[in-house]
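One chain, chain A, appears in both complexes that follow, with chain B as partner in the first and chain C in the second.
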Partner chain A sequence: MADNRAALAGDRLLAYAALAPSAFLLLLLAGVPTITVFVTAMQDVGMGDTDGPFIGFENFAWVFAEPAFYTALWNTFVWVFGSVALEMLLGLGLALLLNKSFAFRGAARAIVLAPYLVPTVVAVLTWRYMLHDIVGVVNAALMSIGITDQPLLWLNSQGLAMTSVIMVGVWKFFPFVVIAILGILQSIPQEQYEAAKIDGASDFQQFWRITLPYVMPVFLLTALLRTIWSFNKFEIIYLMTGGGPLDATTTLPILVYLKAFSDFEFGRAAAIAIVTLAILCVLLAIYFFFIKRAEARQ
Partner chain B sequence: MARTRLYLSIGGSLVALLMSSTAWAQQQVVRFLHNETDPPSIEFFNNAIKAFEAENPDIHIEMEAVSTDGRLQKVLASINTKTMPEIFKVLPEERFEFARKGYLVPLDDMVDEIGRDDYVAGSLVPVEGKIYDVPYTLGNYGVLWQREDFLKAKGVSTPKTWDELLAGAEALTGEDGNFGFLFPAGKNRMTGIFLSQMIWGAGGTYFDKDLNVTFDNPGTVKALTFLRDIAKFSPRGIGSYSYGDMINVYLTGKIGLDIYAPRLIANAAANTPDLFKNTIADNMPVGPSGVAVKFVNANSFALSSETVGSKNVEAARKFLKFIVTGERLRDFSLTVHPHLIPPLKGVQEDVIKLGAAQTLGGREEISRIAFDTSNALDFESEAGAQFKDGAVIRSGVVNPYIGSIVARDIPAQVVQRVVLQGEDPAAAAAWGQQRMQAIVDDLKKK
Partner chain C sequence: MTAIATRTPASLPRNRDIADMHYLASRIMLYLLAFTAVSVIGFPLFWMLICSFKPGGELYAVPPTFLPNEWTLQNYRDLFVQTNFLTYFANSLIVAFGATFLSLVVGGLGAYSLSRFRFFGIAAFSNATLVCYMLPEVLIVLPLYIYVVKLGMADTLISLIIANTAFTLPLALWFMRSYFNAIPISLEESAMIDGCTRLGAMMRVTVPLALPGIISVGVFSFNHAWNEFLFALVFVSSETNKTLPLGLATWIGQDNIYSWGMLLAGAVLVTVPVILFYLLVQRKLVVGLADGGAKGE
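Let's look at the complex of A and B:
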């Protein structure tokens, strides 16, 4: 018995020793930057300063009193939920379609996945050019078929700018949803559909009773994952509009960037980043809750 | 015998390796960071570095060319880690802060060696009496580009005043899809530059000579009112336009009049020869102040000090002087003629003659208008400027606060409030005044 305990303790020690390098790396790569940002958020750091006077939670107080923060928070939610909702719907629809048998299905799958493979910077700059009011093909096409008689201001109207950004975001990332859902669709046993057909179930009933219950856990997890990723997405919005016109597309990551590299207020930028991290932690908690629930069901 | 030969060759290789590593160890490395990423500029710098290293075998130059955004991040990170490149491109808004914190090396002795009087007036900006950066090119944003064929077809002559500009823009805007005028109204620095030219032309300034914010002056309101009115004759998408759009949209052939930097004509000459032939240049129209005030700023290099990790300052000084003078300055200016204006008067004439012949089909008049940097201001020098008898009189005050205002795009946001949101110009100017005052108060506290 004592031998067993000693062996177990030895195993545990070995396990900790094996984990130590990874834990150290994780601490170095994730922990140190987070702590540094937190420390910066407690200081008044300006352009070219390595650090600044300690001011406690003053920067956080500034964040919660700053109207630009609430505008950015609202814009972030519009961007995240607008783009994720559309990505999920489009992704689910196309995954169902691509799961059917038809000619050139392989080619169709490759085409659908293409936007995900294009580098984001290339894709966004191309879209920016396409949506230009004078030289853009989108406006030229809309005007030539008579939908509008003058160019739409995709990127510089306060009403349309966020729509344009969401549109490009959906185009870029819906293939991820297709990949995730297509994977689970292909694992549904065909016998269940055959049995349902024999019992006289309609297509909709088959979808509702068989497909959806299988797909739902993955669908929800993908939606949560996309929500988290979209929350701190920076490059699409920055390259498309720079956060404008005025602050119509300024989301939290854009506000952090502008505070740091336009206003040179690194302390305040760090405080916004920490608040953003806190919001993301809540989303992560939801994500892990769903993961655990899905695991428990299995 | 063969073994002896093998030992000899191994020994020889080791000696060669030892010698080369000793030579490498003796070489002083100068790191050089800039954002001139045009292929001809890169080619120029590579050639200049090769020539310099041939003359100075004990110095090795390591060049790093990054994007404009990348430069700022690199500079800030390098300061934090005390690994600043010895030579770097410095922006006007960084000059005052960096010099005051001891991050830069004074360059007065180098400027005197080159010849202080040879520099174009206003291109050397002192901080507390010392020069910390040497200009290598000037940017002139105040050239009026016109479609000569459009003007002739509509019977419009070159506008000399704002009223004529407005009337000309209206006449050139038509059913054919053409627009009379082009200006930027995006949330960016270029919009701030354009608005500034208009404010100064209308007799206003952002600050007075005592560095009080005076943005909500009648000149600003006149400028904003003018922009609101002329926006009717500009493309509807100007609300996102920046530097690139001022050229790309002109190159579509749909624009009649455009006030912008000479890079426009360099691009037209290279890419749209017909448009180039039909484009003529002139000075900006005169504003209500009786002066056409151009925005002209210097692009400069600075030497970083040992405080932020610079190691070979003397070697860097030698290389810096090499690239900002003589044939190198001439050759760099010729890479995008007539956009790159050499700040040394002694080099300008050569560049005009060579550049016009090489790039502009001999149209020297375009180069001369592009190189005319008289009656000019920039953000740092505009405080308390006066506009009298058709000329700009500088106060001589260098403004340490305006960089923070421009970096926050407040002038551009004022334009957007008027042009995109339809806000009253006086109300938008008052909003700008309030924001600027808050920033200045904050900076003064520090």
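Let's look at the complex of A and C:
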């Protein structure tokens, strides 16, 4: 790869010209917008406006005094921690299972990966029908085996809404973990297991001493990625519950959206977005630290 | 050897029986586990498909019927006759193909540059693309909405195409760079010795060789834009410019007015292109996802 570059390093103009459109678009769609959000967060933007007088850090002061912000922060934590923990557990388990050889394994893999490929709106629609209080199949099943005799209000009760949203999120996104871990499982040299078997290692010992050390770096990296993505997730929660009932499932991205496009308070919405970005930056820093360390090891 | 073998002729088969039993038990466990997992995970999609063929009465039956007593295509017919489903579908196709085309051309050139040249700021640029991909959509949508309104581009499909590249372009840059990296530069050099220009060598040698990779990047981009909801929700206001996710989402909100049957039929049809593309690049997709696991959702 290094040779690829050294051989024709002279053609500077072409190099910059080819990169320019990408750089321009990324600047336009990510760089400048991030700066705009900072500027908007310092403005008092009224109803339906997109600009307003500068008011310094007042919007930030409002954010940190606003109870809704702390509720959203807590909800975000529950949503991220709940979904990532379950996704990782389920993902690891199913990757180990699908790595074993059995009949129809190809079909089983395809079905397990399917939720990841299905559009979010489709996943939400299907689950909302399944979780419907009255006509939903989930309540019908639970009532027929006697777990509950009242239909559960999966999406319309404050106690259950977050659980439902996490459940649907896990179903939709855990296949990513399966794919990542299955990839690394397939790269473990089989001789190691054969040698361990000859030495009389049990299945558990083989898993603990061979599989787990191989899988661990990818497992941690995947967990971090899932954390970052779950933290940013908007549409699956918005489409399931719209952040409700009341504020039971309002995470930070949902709060930003509602402030901006439902209350039309752009300045305050931007200030929440900046605080959200600051938290994300911490997660990104951890991610890049791990990537760098993994690269250094190779 | 022979001495040992003759000394324990009776105990050997017994050990093998026990080992066989163990093996059999673990196989049964494996199949039970696999069957349970596949049924539970696959059920929602199975249910969506089955219920889209149920007539109205059965969709609201308590308790629900498992397989439809009566199979019908009424829901699909209603979808085409009573709603703007076809308009949504066409809009989604335009947005998804537009964003894919834009990111493949722009990202392809950029990735080629990142792969073949060494210049100042290259590492910083690569990391910046990765960060772009990880920015929350909801952070980007605020300023983009402001720009779109100020430029008078609100409620247009072109605004959606450009906005979508905020996420599909970083994807294209990252993946295509690694595909180009895998192609030896000596092939291009020979083409140039044979009289090709630099761009000619790229178009005639490198791009055809990287085609499988380019196709899977295209599928990823298409999928992302096909699914995209937030930009559409914020930018689009008129019925004629709605994309599929936005159109279907508006119906969910009114589940008393629109029948579940039509919604489920819509959901099935939205999934079809995704499944088709998946079958097209099945092997590549799994490999690509595993390779690029660190780089793109």
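Throughout what follows, the second predicted complex is superposed on the first by the 273 of 298 C-alpha atoms of A that agree within 3 Å, B and C clash if a C-alpha of one lies under 4 Å from a C-alpha of the other, contacts with A are read in each partner's own complex, and residues count from 1 in each chain.
FYI, a residue touches a chain if its C-beta (ideal position, glycine included) is under 8 Å from a C-beta of that chain, and two chains touch if they have at least 3 such contacts.
These numbers were taken from a predicted model, which means no experiment stands behind them.
Asker: Looking at A:Arg297, would you say it contacts chain B, chain C, both, or neither? Reply first, second, both or neither.
Answerer: neither
Asker: Report for A:Leu153: first if it touches chain B alone, second if chain C alone, otherwise both or neither.
Answerer: first
Asker: Of the two partners chain B and chain C, indicate the one touching more residues belonging to chain A.
Answerer: On the superposition, C touches more of the residues of chain A.
Asker: Between chain B (first) and chain C (second), which, if any, makes contact with A:Ser22: first, second, both or neither?
Answerer: After superposition on chain A, A:Ser22 lies in contact with chain C alone.
Asker: May I ask you to decide whether A:Ile134 touches chain B, chain C, both, or neither, giving the answer as first, second, both or neither?
Answerer: both
Asker: In the overlaid three-chain picture, which partner chain does A:Val256 touch, first (chain B) or second (chain C), both, or neither?
Answerer: After superposition on chain A, A:Val256 lies in contact with chain C alone.
Asker: Which partner chains sit in contact with A:Phe176 here, chain B, chain C, both or neither? Use first/second/both/neither.
Answerer: Only chain C; A:Phe176 stays clear of chain B.
Asker: Name the residues of chain A shared by its contacts with chain B and its contacts with chain C.
Answerer: Touching chain B in the first complex and chain C in the second, residues 50, 134-135, 261 of chain A appear in both lists.
Asker: Can you tell me which positions in chain B touch chain A when the two form their complex?
Answerer: 69, 72-73, 76, 79-80, 94, 97-98, 101, 103, 185-188, 235-240, 245, 248-249, 252, 254, 404, 407-409, 413, 416-417, 420-421, 446
Asker: Quick check: in the complex, which residue numbers of chain A touch chain C?
Answerer: Answer in residue numbers: 1, 3-9, 11-12, 14-16, 18-19, 21-23, 25-26, 29-30, 32-34, 36-37, 40, 50, 94, 97-98, 100, 102, 108, 111-115, 117-130, 134-135, 137, 140, 143-144, 171, 176, 179-180, 182-183, 218, 221-222, 225, 228-229, 231-232, 234-235, 238-239, 253, 256-257, 260-261, 266, 269-270, 273, 276-277, 280, 284, 288, 291.
Asker: Spell out the part of chain C that touches chain A in their complex, as residue ranges.
Answerer: Where chain C meets chain A, its residues are 27, 30-31, 33-34, 37-38, 41-42, 44-45, 47-48, 51, 59-64, 106-107, 109-110, 112-119, 125, 127-129, 131-132, 134-147, 149-150, 162-163, 165-166, 169-170, 173, 181, 184-186, 188-189, 198-199, 223, 226-227, 229-230, 234, 244-245, 248-249, 252, 255, 260, 263-264, 266-267, 270-271, 274-275, 278, 286, 289-291, 293-294, 297.
Asker: Would you pull the chain A residues touching chain B in the complex into a rising list?
Answerer: Those residues of chain A that touch chain B are 44, 46-50, 132-135, 150-151, 153, 155-158, 241-246, 258, 261-264.
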